[in-house]
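The same chain A turns up in both complexes below, where it pairs with chain B and then with chain C.
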Partner chain A sequence: MAAPELTTPRQRPANLRTLGRTQRWGWMYQRISGVILIALIFTHLFVNLMVGDGVSQIDFAFVAGKWADPLWQWWDFAMLVLAMTHGTNGMRILVDDYARRPWLRATLQWALLITMVVIIVLGSLVIWTFDACPLDSSGDLMPGVPSFCESVV
Partner chain B sequence: MTATAEAEPEVGAVESFTVTLKILRHDPDGLDGREPGTEYWEEFEVQAHATDRVLDALHAIKWEQDGSLAFRRSCAHGVCGSDAMRINARNRLACKTLLKDLNPARPITVEPIKGLPVEKDLIVDMEPFFASYRDIMPFLMASGPAPERERLQSPEDRERFDDTTKCILCAACTTACPVFWTDGQYFGPQAIVGAHRFIFDSRDEGEWDRLEILNDKAGVWKCRTAFNCTEACPRGIEVTKAIAEVKRALTSGEV
Partner chain C sequence: MWMWVVHRTTGVAIFFFLVIHVIDTSLVRVSPEAYNLIIGHYKSPIFGIVEAGLVGAIILHAFNGLRVIAVDRWNWALRHQRMLVWIVWGIFAVLMAGFLPRHLMNVFGGAH
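Showing the complex of A and B:
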């Protein structure tokens, strides 16, 4: 009886090291961002829902007041970026596991990436360009701004 | 003490009962007018004792009812790892599973292990599984001249990888892994256990060759810590823990 032929079961990628590192960093990023997100999100919930008047205090003025402080701008920006990249990375892993056809996998991966970038860009624009009391070209308050703006300007 | 109406069973007597086995069969040749490659469930009734294992019931079927039933077994005592199968939806060794522990009042389902191509009935093609094992180079890699006597090791150094030396390559863990079911390219828990046994062996010097292989796209990072492997292992190896130790070696750069 002939000895069984020993063959390599899988195609080795050309650049094994780079691919391997991508997988490892993806795995580590998921854990590190997860730990940071727990701290960010629970502090966010605590400040918004428990401190002061609790949930009833949340209105336009409350959000405007928070975003007047650079700390909360950076806080919310960090939450936005980490939550989007963490979630997208998790979805990427799911697509890798279950989308077996190459075209389907590529389509889903690109859709994920584009969605992530669009949401991060839109969210960052809101956080960094937010102005509770916009002025018109003549320097007066725009119509429809909240009443507290009159004391600010 | 209250008296019971029922008679006490005779001391030393072994309980006997009828058990139904529902076996997922695969017919590659298309006998009895079936299409070649047909899969179908077939039920068999067997008279069994409380001391009988699933393997004994399979023997009774093959020897007394249907000689065409195909399954693997060699030692029949939990050492060779030939008769891993999916019994009542869990991977187990047929020779280590007592019928009385499986609720014999209901039919006991027996299927081939999942994720590997079925050849006939309960026999699967184990080649992809063994190929992954070969890939992690399961042999001692040491430099320098071989010593005249054995390579000595302290009991503490031996303890480090003791758990993963118990593996019998039955494939119960790899074929219980949901990642392996969807991606046959994944090395699977067993290959990582096999690598762990050498990576953490103080006498072996090939640890970084093996770690680099497991750092691959199809390597340890595919593990989602589902713990199916740890539950399935008939040898009680903490498979997920071994995989986590390999991950830690890769992230910290220290073995």
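Showing the complex of A and C:
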């Protein structure tokens, strides 16, 4: 009696997971960036709103004082990039859920992507080209600069 | 179910604030006076209250986000997810109780 013919093993389904590869990474990214953002943003809120005079101390000189330290420049840069990508990724999920018409969905997704790029570029330029002691057209210090500018000029 | 609504609503609100916040901060590249003028609005009573709401939204979104991660990751958290919702609201209450008096004093002038 001949041995029964072996059938080829059943093919495993190509994708056993509920989400595709891109979506799965989007999900992972949302979690990792979210956890980092908790540390970054709560420190940001504590330093700017709780320490000293809170919101009433915030003016140009306050920003200049913080960004004189590269630590705060990098801090704010990390916050900008992570928050904008986390937020855009979240909004992308909402658009996917609620914008049913293909043209509307495509328009909103593009609008989100463009907003994200513009805001990250704008914010990065502001952080890295910041001038604590700007001069007006006649070469004098602009009003409102921090007091340490007097000794610099 | 309700926390899902809370998570989405606070997320959208924070997103739009973030875009506005980067734009208003970019005024430091225009002139100190332009920045001080606009940031001055943040210190007004109305915006001070909006800001308190924003901080509350961030607290809820942050700790509910941690709850979502925990429920997804550990069976223990999945079994106790209802209790974790109460913990999120508890943390929210404690942090807001610490933040609100200080912030409102700063906004309404009592702190200086």
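Keep in mind that, in the parts below, the second predicted complex is superposed on the first by the 115 of 153 C-alpha atoms of A that agree within 3 Å, B and C clash if a C-alpha of one lies under 4 Å from a C-alpha of the other, contacts with A are read in each partner's own complex, and residues count from 1 in each chain.
Definition applied: contacts are C-beta pairs under 8 Å (C-beta built on N, C-alpha and C of every residue); 3 or more make two chains touch, one makes a residue touch a chain.
None of the values given here were measured: they were computed from a predicted structure.
Colleague: Regarding the shared-chain residue A:Gly87, is it in contact with chain B (first), chain C (second), both, or neither?
Modeller: After superposition on chain A, A:Gly87 lies in contact with chain C alone.
Colleague: Would you sort A:Leu108 into first (chain B), second (chain C), both or neither based on which partner it touches?
Modeller: neither
Colleague: Report for A:Leu40: first if it touches chain B alone, second if chain C alone, otherwise both or neither.
Modeller: In the superposition, A:Leu40 contacts neither chain B nor chain C.
Colleague: Look at the residues of chain A and decide whether chain B or chain C touches more of them.
Modeller: C
Colleague: In the overlaid three-chain picture, which partner chain does A:Gly26 touch, first (chain B) or second (chain C), both, or neither?
Modeller: The answer is first: A:Gly26 touches chain B but not chain C.
Colleague: Residues of chain A that sit at the chain B interface in one complex and at the chain C interface in the other, please.
Modeller: Of chain A, no residue contacts chain B in one complex and chain C in the other.
Colleague: Within their complex, state which residues of chain B touch chain A.
Modeller: Interface residues on chain B, with respect to chain A: 127-128, 131-132, 134-135, 179, 182-183, 185, 212, 215-219, 221-222, 224, 247, 250-251.
Colleague: Within their complex, state which residues of chain A touch chain C.
Modeller: Against chain C, chain A makes touches at 31, 34-35, 37-38, 41-42, 45, 49-50, 53-56, 58-61, 63-64, 80, 83-84, 87-88, 90-91, 94, 115, 119, 122-123, 125-126, 129-131, 134, 142-145.
Colleague: Residue numbers of chain A touching chain B in their complex, please.
Modeller: Contacts found on chain A: 4, 6-10, 13, 16-17, 19-21, 23-24, 26-28, 93, 97-98, 100.
Colleague: Which positions of chain C touch chain A when the two form their complex?
Modeller: Interface residues on chain C, with respect to chain A: 8, 11-12, 14-15, 18-19, 22-23, 25-26, 28-29, 31-33, 35-36, 39, 42-43, 48, 51, 55, 58, 62, 65-66, 69, 99, 102-103, 105-107, 109, 111-112.
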